[in-house]
Amino acid sequence: MSKDKKLMPMSEAIDRYVADGDVLYLGGFIQQEPFAAGHEIIRQGKKDLTVSKCAALILVDQLIGAGVVSRLITTFTWNPLPTTAHCFVRAVTKQIPGEVEIEEYSILALNLAYFAGALDLPYVATKTILGSGFDGEQTDSGVKNRLRFETSPFNGERVCLVPPIKHDVGIMQVQRCDPFGNAQAWGMLGEVRYGLQSCDKVIICAEEIVDTDVVMRDPNRTLVPGFRVSAVVEEPWGSHPGPMAGYYDMDWPYHAYYEKETRTEGVFQEFMKKWVYHTRDRKDYLGLLGQERLEALRPENFESDPVSYGKLTSHFGVPYA
Amino acid sequence: MSKDKKLMPMSEAIDRYVADGDVLYLGGFIQQEPFAAGHEIIRQGKKDLTVSKCAALILVDQLIGAGVVSRLITTFTWNPLPTTAHCFVRAVTKQIPGEVEIEEYSILALNLAYFAGALDLPYVATKTILGSGFDGEQTDSGVKNRLRFETSPFNGERVCLVPPIKHDVGIMQVQRCDPFGNAQAWGMLGEVRYGLQSCDKVIICAEEIVDTDVVMRDPNRTLVPGFRVSAVVEEPWGSHPGPMAGYYDMDWPYHAYYEKETRTEGVFQEFMKKWVYHTRDRKDYLGLLGQERLEALRPENFESDPVSYGKLTSHFGVPYA
Amino acid sequence: MIVSAARLIEDKSVLMVGTQWPIIVSLLAMSLHAPGITICYEGGAVLGKVPDRIPFFTGDPVVNSSSVLMGNSFDTLGMVLHGGRADMALLSGASVDRYGNINTTCVGDYTSPKIRFGGSGGACDFGSLAPRTIIILEHDKRRFPEEVDFITTPGYLKGKDDRIRSGLRASTGPYAVVTTLGLFRFDEKGEMVLRAHNPTASVREVKEGVQWDLKVHKDVGPLDPPSEEELRVLREQVDPGGMYLREARLLKGREVVI
Amino acid sequence: MIVSAARLIEDKSVLMVGTQWPIIVSLLAMSLHAPGITICYEGGAVLGKVPDRIPFFTGDPVVNSSSVLMGNSFDTLGMVLHGGRADMALLSGASVDRYGNINTTCVGDYTSPKIRFGGSGGACDFGSLAPRTIIILEHDKRRFPEEVDFITTPGYLKGKDDRIRSGLRASTGPYAVVTTLGLFRFDEKGEMVLRAHNPTASVREVKEGVQWDLKVHKDVGPLDPPSEEELRVLREQVDPGGMYLREARLLKGREVVI
């Protein structure tokens, strides 16, 4: 196993591994979103990013509003209250703060595209999407995406072909990770296993840094192996205001507050000053929230029972050592 | 969640859910093979089965030798010492005890076929297999399988198209399962997630039956949800002489013994009398091994650390209840 | 609407459940006549019980501790839905047209929309693949155009033949639409037909509530009003905080201070 | 053979490792000059350390407690190998031909074989997809036919052009063959060339050990014999029981009583 420790501060990870013009995958299906990393991307003023995110919530909305995104690959973008994601809507309907090209799919189709990207499969055929607005061939909807439609050589049926989508960099917040990048996550995982693996570089932000022994005592929980990871950032509460299974609930009032504070471009800029531009790092951000509020987001403990993988040091019935 | 308890003895599960002529998926990638279930299939004299197994070891060898298999879908068949699987070789080279049609793939191609089967995808395109003997189009090898070869409409490259493989019944031995069929497994899982889900009916054999609460405290460990499962069989040691992570090691000397006892059709029949035909059930089989031998196969404990999923009973910041 | 939709759910069926009304509808059915249903969410969850609090949406973290399987979207949208193991899908939508096509994408042309909504999520998959899709939404004439501006989720397109021509499986398609005014089914051509109206709404009112000449079933009549037991379970068990029944759900109209 | 093959492995490379010789070769490299390699097995394992006992084969249950990732075959054969993240694959085989094609399927015609072996497992995937495949096997003339009876694992087929024509990626293919007699590489046409011979074997002996007119590299010479350190680590650390070095591995020749 690669023995290079990859621990670094968020600012260094984003500076070293995210470049202007990159195609960026942001992990976390509703839960486990990399808010802290996204804020650092905004602070560093990255430009012309393509953001690919299966379920885009208010982090993507902020990235769009901050003007760092020129293209969005997604299946939906909203504030999960649910209500409107105002920056997204302003960009699509009024090109404020700039034009954002949209490449849209259904969740299953985008999962297949990430899967094909992770495995570098030429394409995967599916029976979803057909006839919908995402089927540009049949509906002439004006949608832009990479899908093609063919006749199956097996049975002559019309099928949708999903090609791979790949990314330069992937970022996700997880519960725990060792210093070498072996990352473990639990909860609702959506597309993230394949999304992360469709990236050339991966940045893992973790609630806790743990010893490799913790990982090796439960290797089935590993989401991405260390050799695929470029940087590991210890960043507790890095997914606030989104949730992290076992660590914190979704901060619902914050989402309502965000809805209110983003209705116009003007108030949005004030919001961003307070929470992003005028904070140097995640610690500053958490300071604005206050310890009391954070503690109130903690769920009750709800622990799994340990399981054993069994330690075997000699070969049964075979002379050894 | 379906509240029908599905617990039943092995004899009833096999009698009710495995029919002559069925296409049968046997789960477990080297580990966690359903030996007890396979022996019951032999005892009940099922006929004309198609057995589909990614990694076929001595359980498949026994099923072939016992004459219950007319077709085998696989990527390899051997005794994992490693040495020859004699019944398989006798069937292929001498049609003893009968003809067995072979449908062969590589592991990745068969994984893709099970994946396509589980999701009912029309087909998946891959760059493996091309030019090998499994590529019947290019090499004219005489191989029989379901693959087709096409030109990618995306980039003009030659690709291999893998269609779905589906099954009537799937059987696997797992570490634990609740009475409703919610099955959890850990260790090396190979193709099993997609193999089991490509089956109309699923029989789960488990080392332990646990409360649903155990499952719900760690739902990311679930291999197959209960609604997909027809029968649950409590069958400790059901994978002997194969291994079960955390429960028992592989019984290597048994594999050597098996190799020796299957070199001719005659000695194989004696072996089967002793271990299968003259045992009524798994308890009889385990009696032949003896408690001392079984205990010697137990590994040392090597436990995972518990993780918390977090219990949330009210909505933070939102008036509720 | 919630009660009427819940009544359409058969016990022991396997459901793909979307965000908003489908959540409370399916949990009400589970708490009443259909305790054996399997509820699946697009993010990879198979519920094991009625969650400890009602989920705001299907990604609500309460789902983490109320499930018998938490996996990937392939586990639910893939193996349950595309794999043909779901009996039914429940969806909301911004608007629905004459042939059950749903729009949750935009008003106006897709490339330069006047209003933009969130988008598909898994909705397109639900409508493309489920044997029976139930669409649940508040009735409002603007939500019922003759033809939607964008087909986020395919219904019968321009009729059943058109759906089959597109390549979608013949065994799939919209099954019912349930609104605050009535219950709608689809005829052999895939066109929406009023099957029953809410006791408080007339057939005429319903017809005026859509933008085309709505077909009415010959046996149309009023729906049974919610029973006391149905309302009690809904209010006391399923949604005791009234999250889905009051504005509190959207936190709208309240001062929000951080 | 074990030591020569291990020397070909560069530190920090990502390896797909097959059963038999590749296991001990990769663990020897990890214990010597290449502590930073990542070892992946076809069943879905990524090793985190040298296992507590040497695995008999890649499905050995000892792997369960020595890994940083235990997943599905898609995690390794899929995302590491097909996904283009592996640097190298290590394989054994029953026989290898002039162009590096490997047979582990049968002797004679596939449909009515004289001898039948286990089959591919993941070997076909390794040879199809890895940028550099190293083939490790005992030298025996019967194992080196001019053309294998069945291509379980594609080498260069009938030459590099033929491999590319088949659709396999141009950046992939056999890199070396290591046997008990020598080290072989491939020329620009994809033909096997003797690059170095074991100190105890002559070039003539090696040439006589294959069934075709073997090409010999102009700079052919003897391999460095295993160093004391290499042998010590192999015997004391990697395989202290001598599982891979003695007959004990196959339990052959011993009375087996159950």
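As written, the chains take the letters A, B, C and D, and residue 1 is the first residue of each chain.
Criterion: a contact is a pair of C-beta atoms (placed from the backbone, for glycine too) under 8 Å apart; a residue touches a chain by one contact, two chains touch by 3 or more.
If you're wondering where the values come from, they're calculated on a predicted model, not measured in any experiment.
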| item | value |
| --- | --- |
| Any chain in contact with chain A as well as chain D | B |
| Centroid-based (C-alpha) most distant chain relative to chain A | D |
| Chain B-chain D separation of Cα centroids, rounded to whole Å | 27 |
| Whole-Å separation of chain centres (CA-atom averages), chain C against chain D | 56 |
| Between chain C and chain B, distance of the C-alpha-averaged centres to the nearest whole Å | 38 |
| Interface hub residues of chain D, defined as touching at least two other chains | 45, 56, 61, 64-65, 70-71, 74, 78, 82, 251 |
| Of all residues in chain B, the ones touching two or more other chains | 120-121, 126-127, 157, 159, 186-187, 189, 194, 217, 220, 245-246, 249-250, 252-253, 299, 302, 309-313, 315, 318 |
| Touch-based graph of the chains, sorted into line, ring, star, complete or other | other |
| Chain pairs that touch, as defined at the top of this document | A-B, A-C, A-D, B-C, B-D |
| In the complex with chain D, residue positions of chain B that touch it | 29-31, 54-55, 74-78, 80-85, 88-89, 92-93, 104-109, 111, 115, 126-135, 138-139, 141-143, 149, 157-160, 186-194, 243-246, 249-250, 252-254, 256-257, 259-260, 289, 299, 302 |
| Chain A contact footprint on chain C (complex, rising order) | 19-20, 41-45, 56-57, 59-61, 63-65, 70-74, 77-78, 81-82, 104-105, 109-125, 127-129, 150-154, 157, 162-163, 165-169, 249-252, 254, 256-258 |
| Complex interface listing, chain B residues touching chain C | 1-4, 118-121, 178, 180, 182, 194, 197, 212, 215-217, 219-220, 222, 224-228, 309-315, 318-321 |
| Of chain D, residues touching chain A in the complex | 12, 14, 35-38, 45-49, 52-53, 56, 61-62, 64-71, 74-75, 78-79, 82-85, 240-241, 243, 248, 251 |
| Chain B to chain A touching residues, read off their complex | 120-127, 148, 150, 152-155, 157, 159, 161, 163, 175, 186-187, 189, 214, 217-218, 220-221, 245-253, 296-297, 299-313, 315-318 |
